């Protein structure tokens, strides 16, 4: 069973990286760009039959390792 | 909106203090004003609990250009050169988010140093963690170390020294202290004191966001029912922007545009503007609508209390705005005139053409409360350890235990994560007693070291306070530097607790005595109270950061043995003091008794004479003897090199363990060319320095005759093993 | 011999390389990334550091700056180009050198003195070194793990385009002597015309006996004539 | 108009970070984990009416800056 996880910085948390990328894209002439935020993406495969159980496990991985809950939000999607 | 008691408390103010506020401004403050007061009157900005004690520290000397009171201390190192340095804590943020907490700690202390006109040339840190076995320790450790590296490496300033300690007392409250050292020209030092009326107040650097807005945290929903919930957010460091800010500020400092400059640290815009006005004895008016904001709909309250990083406030001379703006534009940084100086002696805050807050500057600064908190003396424990009653242990096993312990293990796994060589002036990187950094383009250098001894300070705060200053002084001497001045970071528990306040007062007393005697003044520092909970406070942990001068750098001196068959001399007398020693702690888990006595006279005499020997070029390597005693110091000298030792036991030895593991102060081990021994002995004798010849260096083996013989390679392995198995 | 050091926001070894070049008697100039033309120059150096904070990918954003077009033009015309550390990363991002630099295999920043071996000593950058000479040079990077595709790797080997390999003090090129996980221990490479060198180690940090050894000196003296 | 971009390392490119994350998760007891790969995620907002045009622009951003085509693949999704 495969899941995708996207991890993004919480709103209001400074995103120095996004800022630089946005400025660069605008300088490169992409002037219709309104905003860009950068985050992380994981593709996880777990060996489980039961989807709820599997999802719970993936959620645990996020909480315990993949996500810094103090500054990041995350979303899990089955793929 | 009515200010309730709950709101007052949420701002960290006492009801008593609120009454004083009302009296000072002759009315009830509004919420914005309350926020400003809370920022200025908190412990961090006002030093309300510590001030009367700090006053006792010696802060003057021929070498001092600027003592405490400015962003950082400034000392004279001869010619037209000045060194600007300071240490600061970032304990609480680092416990919440270790990477960002440590990173922004480094960023903050760097700003303190470059606001004064210095180019930073070295970073140091003192980091204290709980027991390695505590479940939080490992991730805190890894996070803090990479945060320190992440910031320093990116901005391109070498992190050259530090200390890393583990102790259960920090299980729920780690310490992260960062120190920055910069170099400036003596006649190009910038201060925060404002001067002149109607001068432009300029905001430069990053935009303001809702970072770390403390007071309001929980109650914020109540403050403004219509707005969405605004949780305080963790400050995220942006070393890239700080690098730009550094270069832009230094560029602007080349001409005479700046009247006054101040970084926005804790309490950001509030403390920077109030401090400038207060020192200049004038008023300041800010038009908050002009503040560059990162988020939409930020309120004046949020702008004034935001702790967003990488920002500065500058007061400019007339007609210099245009040129200054050009410089900041070049570096892609915001540059906005947000206000002006006034003759009202008020902090005046405008928003959308309305005055939204107005407070007399003196109410925020000089009239802030100062407390003479109750404190109690520590009743010293007695030394009652009977060695005969302890389980017998082999000297070899005891040594291995120490060298492989987390506290004494080699820290290269940490320091390899720091760029120590960038700027190409690092002459001695971390690993020795002090780091040596050359002054760019000159043949002189400074030596720097940070030191603390929480166990000693806990047991006997006065002695402990004295000891850390001496150890720090010794570390600089050991690399051939003349110690000039210190900065200190005073990490303590809750000052409202008599005992803790007593630890504070007494540690300071000890620091004072040592600094006075050694002519080693305090030029800057930082106090961090409320470490731990009221019931469980951390051990008193003052950290001393020292700077010394090497006038003429020929070749660097460090603690690594240089060759075989040289003579080893132990300077200073060994009494065998084992109470509070690493030996008892690591081998028997005993943490009892008093720390070793500190004899300032011997300390000074031994140090000054060693410095004389170093300057005469008699010393091949030298190392101070501290935690772990003589044998630990000797093994550290071996581990760094490929040479071992052959040590003879002294003839009338009472106790082997006491001799080899005792932590008596004022001692150094020196390696000298055997042919120079007579000359060295003469100088030591002529100057009443106690010394012993303890043996020789030899190839490959670490040996104490009749007791132990280990290959130096094994010693190295033992010393380097801990982290890999952690 | 004239040299130009390109300065990006976030470059932090720009002064270091300038000092080294001047010490070696180059006539050096600093060139700002927003400039649209290069001064007349024999050597272009892209220094180490964290251009644009290493955000997005190290070197990616610097690779889009105005001056880079001029660097590419000059390189095509045969001007010598040296990229050190972040400079190497920038060169791969601009396509002047093939391959890329991934995160170090231990996912940590690494600063230490390591040994490298001179693989090709027949270039403008290396002719003062002996073949297989072992140098001790400082590294300081987070992303120094060289990676490229098979065809390029074969080309590098066959054409003698590998400049340096990480090794131990005796010269053994092995897994243990590979600090960051680079493919075949590669520490530096040339383009096919050999006028461009990208390397992770910092030769500019190795020219002053007070702070280091002098193993970097011959790289600069090779360039001088 | 908003798009999400996921950038992943190509199959044959070594993923040191993913490997470490995977090992750590397994050491933490997540033994049903079969594989995990890490990538980047961007959320882009462009001011455009026409979806095909907007998508083209986002694609250009990827090609020109956001993605290193030598080692990375990417996927754009409208959100």
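Which chain is which? They are A, B, C and D, in the order written, and residues in each are numbered from 1.
Everything below uses one rule, namely that a residue touches a chain if its C-beta (ideal position, glycine included) is under 8 Å from a C-beta of that chain, and two chains touch if they have at least 3 such contacts.
Note that the coordinates shown come from a computational prediction; the quantities given were computed from them, not determined experimentally.
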> When you check each chain against chain B and chain D, which touch both of them?
Replying inline: A, C
> So which one's got more C-beta contacts, C-D or B-C?
Replying inline: B-C
>> Distance between chain C and chain D based on Cα centroids, please, to the nearest Å.
In response: 29
> Could you state the distance in Å from the CA-based centre of chain A to that of chain B?
Replying inline: 37
> What whole-Å value do you get for the distance between chain A and chain D if each is reduced to the mean of its CA atoms?
Replying inline: 10
> Considering chain D alone, which of its residues make contact with at least two other chains?
Replying inline: 64-66
> When you check chain C against every other chain, which residues touch at least two of them?
Replying inline: 52-53, 55-56, 61, 64
>> Among all residues of chain B, which ones touch two or more of the remaining chains?
In response: 238, 240-241, 332
> What chain-chain pairs meet the touch criterion?
Replying inline: A-B, A-C, A-D, B-C, C-D
> If you look only at chain C, which of its residues touch chain D in the complex?
Replying inline: 56-57, 60-61, 64, 93, 98-100, 102-105, 107, 145, 147, 149, 181
> Given the complex with chain A, which residues does chain C contribute to the contact?
Replying inline: 52-53, 55-56, 61, 64
> Can you list the residues on chain B that touch chain C in the complex?
Replying inline: 146, 149-150, 153-156, 238-241, 243-244, 330-332, 415-427, 438, 553, 555-556
>> For the complex, give me every residue of chain C touching chain B.
In response: 9-10, 12-13, 15-16, 19-20, 34, 48-50, 52-55, 108-112, 138, 140, 142, 202, 204-205, 208, 210-212
>> For the complex, give me every residue of chain B touching chain A.
In response: 96-97, 100, 206, 209-211, 230-231, 233-236, 238, 240-241, 294-295, 308-309, 332
